[in-house]
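Each of the two complexes below includes subunit A, the first together with subunit B, the second together with subunit C.
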Partner chain A sequence: MTGFITSLGSAAISAYRAAIELWLVYVGTISGIVRGLQRKGARNRGEVWRQLYSIGNRSLLFIVVTLGFIGMVMTYQACLQLGRVTGDYSQVGSQFLRLIVSDFGPTLTGLMLATRVGAGIAAEIGSMKVTEQIDALRMSGVLPIDYLIVPRFVASIVMTLMLSILGGVVMWRAGGLTAEYSFNVNPNTFYDLSFVRFRHVAMFVVKALAYGAAIPVVAGFCGLRARGSSEGVGWATTAAVIGSSFAVIVLDFIISASALFLTGGDL
Partner chain B sequence: MIGERFITSIGAGAVRVTQEVGGIFVLTGQVLRALVPPRIDGRELVKNLYKMGNKSVPIVVLTAFFAGALMMLQAGPFVKKFGATALAGWGAGYAVLREIGPILIALMFSGRVGANNTAELSTMTVTEQLDGLRALAIDPIRFLVVPRVIAMMVMLLALTVIGDLVALLGASIIGKLMLGIDWSTLYHSFRDNLKPYDFLHGIYKSVAFGAAIAVSSCYFGVTVRGGAVGVGRAVNAAVVAAAVSIMLIDFFLTYLTG
Partner chain C sequence: MTAYIEFKGVTKAFSGKPVLRGMNLAVAKGEVMFIIGTSGVGKSVTIKHLIGLLRIDDGEIWFDGQRIDTLPERAMAPLRKRIGMVFQSSTLFDSMTLAENVALPLRKHQRMSHAAALAEAKQRLAQVQMDDYADRYPAELSDGMRKRAAIARTLALSPEVVLFDEPTTGLDPVSARRVDRLIRELAEKLGVTAIVVSHDPPSIFGVADRVAFLYQGVVHAVATPAELKASPDPVVQQFITGQSSGPMETPGF
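After this line comes the complex of A and B, so read on.
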């Protein structure tokens, strides 16, 4: 019994310490951006472009494949169920688009990027940490957060929004093709924009920006905490994948619930 | 020529992907062959079942709760607008049991267990422990990979069963607290509209997801090259491969079995 309470307490203390460290990384990133803007950011501009390429362009195929397939599956399941109950497919496309814009587009893209980008950032920063390159940066008077996390943060915010738009469109078109060829739904009734309202688009943008900001901070934090050698890098990468995926799910819940409250249940 | 370089990089990418897919299939074949006289190291299997299953319960329960809550948040306002609250459980429950539940749980499982497994195996590979096993005439596939594959398939199935229940609970709690739908309405909505097959559909998909996560994470673990940097890269490649194969398997199984 005492052992159980001790382990519970030590888990709570380490969670508390980790939360404070995560908060410090976040504050450090924001202040790094402010400092970069004051300096006109000339030093990091090349690095931001490089990160835009490695986070955005190199995730293109991954996002297109995963979201395309999940769009097909979701339409297939929805049509299958509707066919058993009512046989009326006229609402599938417009409701599917409403769901993509208000939730699935940014959230599934965010989850996919949390695995690819989150793991990549943690692996890179983690291996720099265990080979003492981070200490070398500190010794030469460069803040590791400014040099490593700020460019990834900026790039990830921009690219998560872009990839969410791309992913949402791919999902929508893939769903449309499935509905047309498997269930003979007329494309004109499927590609119906009338259910999308401004508040759904606002949710799309807010969610994409929130995920884009959360993933590099969580992953960078996990990378900076890496200890030991190759084992430590492995642990850091694992923690980054779980932490950033979970951050996406929790942020999705918080944003969806507050949108429900702000609009008075009229979504 | 920029065009030439572009085509070269596409070709190199295609060759690399093909090599890795081929490697994963070869490893799958080796695992199946090792199963023919089923001699499995019992202690290693039990250790992995505990480490992969029991230790993942908290993260799976949290994920499943939020998955159910999110589906109810999406379905609830829509059915309320038409005054058909009896259908709220249908929309949320159907989406959770068939797609969102198994997929989200599998993605979290791949992050927690799959990535961890790659990290562990690749650390063993770069510190030459696999060569040590071979020198002692112990087959690393039989001793390390087979128990992990079995443990992941069994445990992802068990975790999905738990997760489905928690997700329906999360959907009910959100439906009651935030949308004001009665417990009894929700219960009847679940009971009348969800069929046993909806549940089974998610469950057998989760077994296939477990196998895919296991084989890809073991493959990237045993083929890693070069120190700490290599380990990070292997974990990254393993989670990406697992995510892609989860989506592909989901698509084909849904099409084939409905």
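After this line comes the complex of A and C, so read on.
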């Protein structure tokens, strides 16, 4: 019993310390952005462009394919169930678009990026950690967070928003094609924007920005905690995928609940 | 001897396991001090404390009359200009060319422009006969070439002290002896103080002014290479003759 309590306490202390470290990485990232702006020269501009390409362009196909298929499956299932219950497909497209804008577009894009981008960031930074390159950066007068996380943070925010827009459009269009060819839904009925409000668009943007900020911070934090050798990098990568996916889901809940509260339940 | 660098009763533990247990060591200015000992005994840990890459649990570290173990991270930058380190695995940045690698500390510590730092970096690479490879990436080069470039990067800031973490490990004998010669030249021509972590007997007995033998978390013996060879201490003798059996306790074996 004593051993169980000891291990529980030890796990709690470790979790507390990890939370503090994660917070410090986040604060360090924000401070790094401020320092970068104060320098005016934007010496990391090249690295930001490289990360924009790495996070954005290289995720393009992945996002288009996965969100396209998810859009098809969701519309197919929705139409199937509606057909069994009412047979009225008139609101399938408009409600689906409302869901995409208020939630599915950024959240599914965020989850996909958490796996692809989160793993990549953690593996790269983790490898640098275990091969002492992070220490070498510190010796060179470079703050590791400024050099490694800030460019990824900026690029991830921009590209998560861009990819969420693209993913949402692909999802909607793929759903529309499925509805049209599998259930004979009139395209004019499906592509209906009437249910989308400004508040849904605001949620879309807020969620995309929040996920874009969370993924590189969580993944970078996991990479910076890598220990030992290749096994340590593997653990860091796994932790980054789990951690950044979890962050997306938790942020989704917090932002959705906040929006519900702010709009008095009228979403 | 006036101590330029001094470790006083330094202790360090990782996850509750003690590595250094009250270690004392003094290094004079311009001296080439080798730290030897079995794997995992805390040699690299010792030198990393000197530049704040690791923090001691207890004790004191002094450098040039200033206590440095209590300095916060932001106060370490001036110290890292004066004390350079050549890491065990070279640690060149993969995404940069050799010239960019060497230019980075010049840009950050000395606030040089990118172009000026690159020009200076090429000169530094020439000092280790690597200027022909200035535009190559680390992945395209051999271990020995990477090691030389890493030395050039460390020397770019003209440090007063250079810490070498196993500088000859993984090198062919010729490259290893060139690195040895470089360490000796740094001390003799430029007055650089060098602390070298090594397992390599030709380096230890060919380059060192003094050798500190780290054993069970403390400095077990400090002596000149000749004194060490003649030491009657059975633990020292077992280590320098490389015998598998003897009084020495080696963790993991």
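Some observations on this one:
In this text, the second predicted complex is superposed on the first by the 266 of 267 C-alpha atoms of A that agree within 3 Å, B and C clash if a C-alpha of one lies under 4 Å from a C-alpha of the other, contacts with A are read in each partner's own complex, and residues count from 1 in each chain.
Definition applied: a residue touches a chain if its C-beta (ideal position, glycine included) is under 8 Å from a C-beta of that chain, and two chains touch if they have at least 3 such contacts.
Just so we're clear, the structure is a prediction, and the values are computed from it rather than from any experiment.
With both structures placed on the common chain, the touch criterion links A:Tyr76 to subunit B but leaves subunit C unconnected. In the superposition on chain A, A:Gly141 makes contact with subunit C only, while subunit B stays out of contact range.
Once chain A of one complex is fitted onto chain A of the other, the partner contacts of A:Thr189 are absent, as it touches neither subunit B nor subunit C.
Shared-chain residue A:Gln91: touches no atom of subunit B or subunit C. Greater residue coverage of subunit A by touch, when subunit B is weighed against subunit C, goes to B. Contacts of A:Thr131 after superposition: both subunit B and subunit C are touched.
Counting contacts as defined above, subunit A residues 131 meet subunit B in one complex and subunit C in the other.
Residues of subunit A that touch subunit B in their complex: 62, 65-66, 69-70, 72-74, 76-77, 80-81, 95, 99, 102-103, 111-112, 115-116, 119-120, 122-124, 126-127, 130-131, 229-238, 241-242, 245-246, 249-250, 252-253, 256-257, 260, 265-267. Put simply, subunit A touches subunit C in their complex at residues 43, 131-133, 135-142.
If you check the complex, the residues on subunit C that touch subunit A are 48, 51, 53, 76-77, 80-81, 84-85, 87-89, 91-94, 104-105, 107-109, 114, 153-154. By the touch rule above, subunit B contacts subunit A in their complex via residues 59, 62-63, 66-67, 69-70, 73-74, 77-78, 80-81, 94-95, 98-99, 103-104, 107-108, 110-112, 115-116, 118-120, 122-123, 126-127, 178-179, 227-233, 235-236, 239-240, 242-244, 247-248, 250-251, 254-255, 258.
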